[in-house]
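What follows is a set of structures for review.
Note that chain A is present in both complexes that follow, paired respectively with chain B and with chain C.
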Partner chain A sequence: MSETTPAWTVVALPLVLAGLAYSAAAMDAGLRSGGGIAAPLREGVRLIVQQRRRMHAADMLLVRAGVLSLPVAAVLAAAVIPLGRTAVWDLRVGVVWFNAMEVVAWASLWLAGWGVNSAFPLVGGYRLVAQGLAYELPHMFALITAALGAGSLDFGEVAAAQHGLWFAVWMPVAFAVYLLSALAMAFWGPMGHPLADDLAGGAAAELSGPDRLVFFAGRSALLTVAAAAAVPLFLGGASGPWLPGWAWSLVKTYAVLALLVWVRGRFPVLRMDRFMAAAWLVLIPAALLQALVVGIVVLT
Partner chain B sequence: MQAVAFWILAVAAAGSGAAVFAVDSMARATFALLASFLCVGVELLLLDLRYLGVLVVLMMIMEMLVMAVFMIMYMMNPGGLMPMTMVHNHRWAIGISAAVFAALAAGILLIPWPKRQGTVPRDPAFSLGQAIMGPKMLVMMVVGIAILATMIASVVLATGRGRYDRSPGREDGAK
Partner chain C sequence: MGVRTRLLRFAAGRPPVFVAAAPGGTRTRLLVESELRRRNGRTAASPAAASVLVVCGRPGAALAEAVDAVWDAMPGPRALVRLDEAASRAEVDAGIDRAVRELSDVAAQQADAAERRERGPWSPSGMDGHTAQSGGHADHSGHEHHTGLAMAGRADDRDGLKLDVLHVPLGPVLKDWPAGLVLGLTLQGDVVQAVEVDVAEGAAGGVPYWDEPWLRAAAGERVTVGEAERRRAAGHLDSAGRLLAVAGWEGAAEEARLLRDLALAGEAPAELPARFARFARRVKGSRTLRWMLGGIGRIDQGFAGRHGLTGPPARHPGDVLARLHGWLDGTGEALVRTGDPAPLRGTDGPRGPVGAMPSRAVLALLPELLGGAELAAARLTVASLDPDVEQLTETAWTAHE
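Right, the complex of A and B next:
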């Protein structure tokens, strides 16, 4: 909506996001199954030509709404994250918008799990709602802490406020909480309980064919967006020597993304009720204390 | 352009609001209501009330998800798979809602709207907060934190562990 952003960026945004999400999927395939860089492509083609399965009396409208809203939310969230120094949508409350779009995944998973009319996906959908209630408060406090340090809810201003000292360095607790919730918002790796093997695939168990492709592409895109948002929030944004700003944004995004992908193969899936207790008893107080420390530093 | 978007969103908001009472599943009703709220949120964005609009989008998605859990858990149609309706007492309901709508619409037309004084502030959400809370800001912030602490504490106190939910490592029935 900003006049200064050229129109071609609107077209470029989904392409860049798709490229990053694809490389996340390729990294994941390489780390976990030894597949090459073409592994996600092969899987995608297989899913496109696969015949759809369908449960009796499935609510396909809700399933489609859930599946499609995943990549749409990822693109809308990416619109406010600056690549280099400019974002496609120069929104002054970008951090809140990012938060809102990432919550869409709760609805997506619940809709997809509910709509297919099958028990395991239903349980998986409810698990993400529980997981959301567990991770969302510490996550919001982590976002607020970064915004508090910069005195702004604008990604660009938050990045600019880290001139010299990254927020990741002097707000380590908020950064750690953010990384944990980045896993949770993309229900990835240790936070993949909604899609866990003990539910035979959970919320995605009955998805097949193109539906499944869009769902998992949307999840990769969400993970990518979560990694990309960490860059302006905690890693100094586009600043860095020698390379241009957009290159530094990409390099840092890739670093966070690689970390998140590596975590998936390294750590077991956390059970939701255990994570809930840890989130409310440990993460929320820790995030609040971090916010207090940052608040005192900002005031003095 | 903005006027077109406004009208599309307005019709969509009213339409999906009406759909809440037309669909036959609790899940669809919940998400029709969510769609209606999201349209209202984008309307606020169109009015340049950026913060309020984004906040409506954020809060409504979370709220409706929690609503979906509770509505399907408690209301007349557990499972939500059998046909249901949101309308009770059909004839009276239509009469009452028509009367309320007529009264509100008449209010819009009959009220002498004040002329705008001054210009639009740079940050309407900030000015609104100043106008509402102004000198009481410190009190409001403290109250806000007290409410949050109360919510967290009451939830923590309410989640007593059940028979099958003992902490691991305990001898009496840890899982």
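Right, the complex of A and C next:
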């Protein structure tokens, strides 16, 4: 993990991320309305040529900051995730950085929901805060468990520590918690209450035109990043027979991404007034127990 | 053809549609929904997300004002389709086609945008469902914000905390919401503190769509039991689809609507009961749904009796989940009888005794039932009762808490 990362990867990173996020959006369109491969492009063009709505007494600085920070957070989080064996930014504490960037998305959604000066988006923001309280601790314990198993917070080393046995296999609870929180990170599917239709679209209800495009592109990118991080954390990273490392990274990322996309619309949305109890009474103890077991195995 | 036209035409291929239905427009709404499904079209959850506004039925004055506010809130390029209560399938088809053409008509869209610029931005003097925040009744000092909007007032919430009070109308134009129903909510955070019930009527009187077979039979026309039971099944499936959509279970909601349209189609296909049984098993078997719907919007026998509740919600006392199961069971029973050629007698319609306006009792109990509920739970509760405002068109009707 000591070789320097070539400069071209800085340019390639957003492109690869955009490609993956696009295919996630296309998969979603295909599964839900049969829109096909051009559906996200069509929606993108529609939103680019669309006028922005002027909202009364909206704090547009906050809204724009919220909307723009969503894709930015996704790109910054992706920077520390290795594709093959190289990450754009080979950070010793990559797992912590990834976690921090993902929390930026909370601010994004809250700012966008608060800033438009409208009741439904505001309530969408409230829901996000509750959701964060419910999923973030189990999520962090899941990340820590993987890091504990490898004795490192470096994505590359976590992946390298899984020679022979994937963490997903011997830390199933942590993996399951991670997958659930991956949905929550992107406000997706069953964890999409902050953007739910019962609030006319929640935090995003008033967004239109380019704002809407950037917001939902950023959300797709976040979902992609959440799927991509599962690969070095739990699925053995780039290791695999026959194919080169980068190809294995992509194949595994696609598999997780397809699962996350498929889940949308297959389950009712989880309301936090119900889920909160399960998160604190079941998920946190389960994640802690998992960490304990892993800790004991590592020590012996 | 210029690049701009080409781009607009590409973008207008599958426009998201916001559907606003007036009481009296149910038949048209069903046609629109089935036509959108045939086109793999999308429905939008908010005006900002939509390119096309479809108005089903003819709105009365208050509803027309709300529809105008929605139209105002839609970003251009945009198109408006008005379909009255008698619209045929071909008219629905042609209307949506015209909207798609209009969306890629550069000249028309530029004219629309120029006209909007001249009128200037929205101001708080007008009525607007989505963006207006008015002062709470706890605080009459009314500090005016520099924008001309009153700041939200504050009052003690249920835990004794001082919290902003927002007055938020739910409806009359809202996705997966009973046409014409207006709930004036007093919100603190996302908790409903008080509810005022109102209705925004349609301009066309007419026979309530879901009660139609029973009313026709009562008027002496020859209606078969089979026809009425088809309507009952479709009515319950429409309500169940709405509830599932509000619960965020898109896949199941779409299946409910598809089954509804199959039940209404002239000759229901033979596999319909089996397909419905699979659907009902899936919905009843969902642990997540049970977890999310159990225990909210609870109506016991005494409460139902006090408000004179009749029909399915009175037959299935309990929470939102119990009422959903009640609809599913009712649909299953109705689907068995869709071939019955016997003449229809009796007045037991999908929502209770037709002619007795069973939805009136639902509206009357809403303020008490929703007080203290979370907004999400309140929406689920309303969806699980699905009052039919069309039943009330005869009389102007308002309930205040």
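Things worth noting here:
In this section, the second predicted complex is superposed on the first by the 297 of 300 C-alpha atoms of A that agree within 3 Å, B and C clash if a C-alpha of one lies under 4 Å from a C-alpha of the other, contacts with A are read in each partner's own complex, and residues count from 1 in each chain.
One rule holds for everything that comes next: contacts are C-beta pairs under 8 Å (C-beta built on N, C-alpha and C of every residue); 3 or more make two chains touch, one makes a residue touch a chain.
Quick caveat: nothing in here was measured; it's all calculated off a predicted structure.
By the touch criterion defined above, A:Val294 reaches neither chain B nor chain C.
In the superposed model, A:Met185 lies in contact with neither chain B nor chain C. Number of chain A residues touched is higher for C, counting chain B against chain C. Residue contacts after overlaying the shared chain place A:Asn117 against chain B and chain C alike. In the superposed pair of complexes, A:Ala87 makes contact with neither chain B nor chain C.
In the superposition on chain A, A:Ala107 makes contact with chain B only, not with chain C.
Looking at the shared chain after the overlay, A:Asp273 reaches both chain B and chain C. With both structures placed on the common chain, the touch criterion links A:Tyr126 to chain B and to chain C. Of the two partner chains placed by superposition, chain B and chain C are both touched by A:Ala57. Once the two complexes are overlaid on the shared chain, A:Val96 sits against chain B while remaining clear of chain C. According to the touch criterion, the shared surface of chain A, contacted by chain B in one complex and chain C in the other, consists of residues 57, 117, 126, 273. Across the interface of their complex, chain A is touched by residues 25, 27-28, 31, 34, 50-51, 54-55, 57-58, 61-62, 64-66, 68-69, 80-81, 123, 152, 155-156, 159, 165 of chain B. By the touch rule above, chain C contacts chain A in their complex via residues 7-8, 10-15, 40-42, 45-46, 48-49, 51, 73-77, 113, 121-124, 128, 130-131, 133, 145, 147, 149, 166, 168, 174-176, 187, 189-190, 244-252, 286, 288-289, 291-292, 374-377, 379-380.
Residues 57, 59, 61-62, 65, 91-93, 96-97, 99-100, 103-104, 106-107, 110-111, 114-115, 117, 126, 129, 132-133, 136-137, 153, 273, 277, 280-281, 284 of chain A are the ones that touch chain B when the two sit in their complex.
If you check the complex, the residues on chain A that touch chain C are 32-35, 39, 42, 45-46, 49-57, 117-120, 123, 126-127, 190, 192-193, 196-201, 204-209, 212, 264-271, 273-274.
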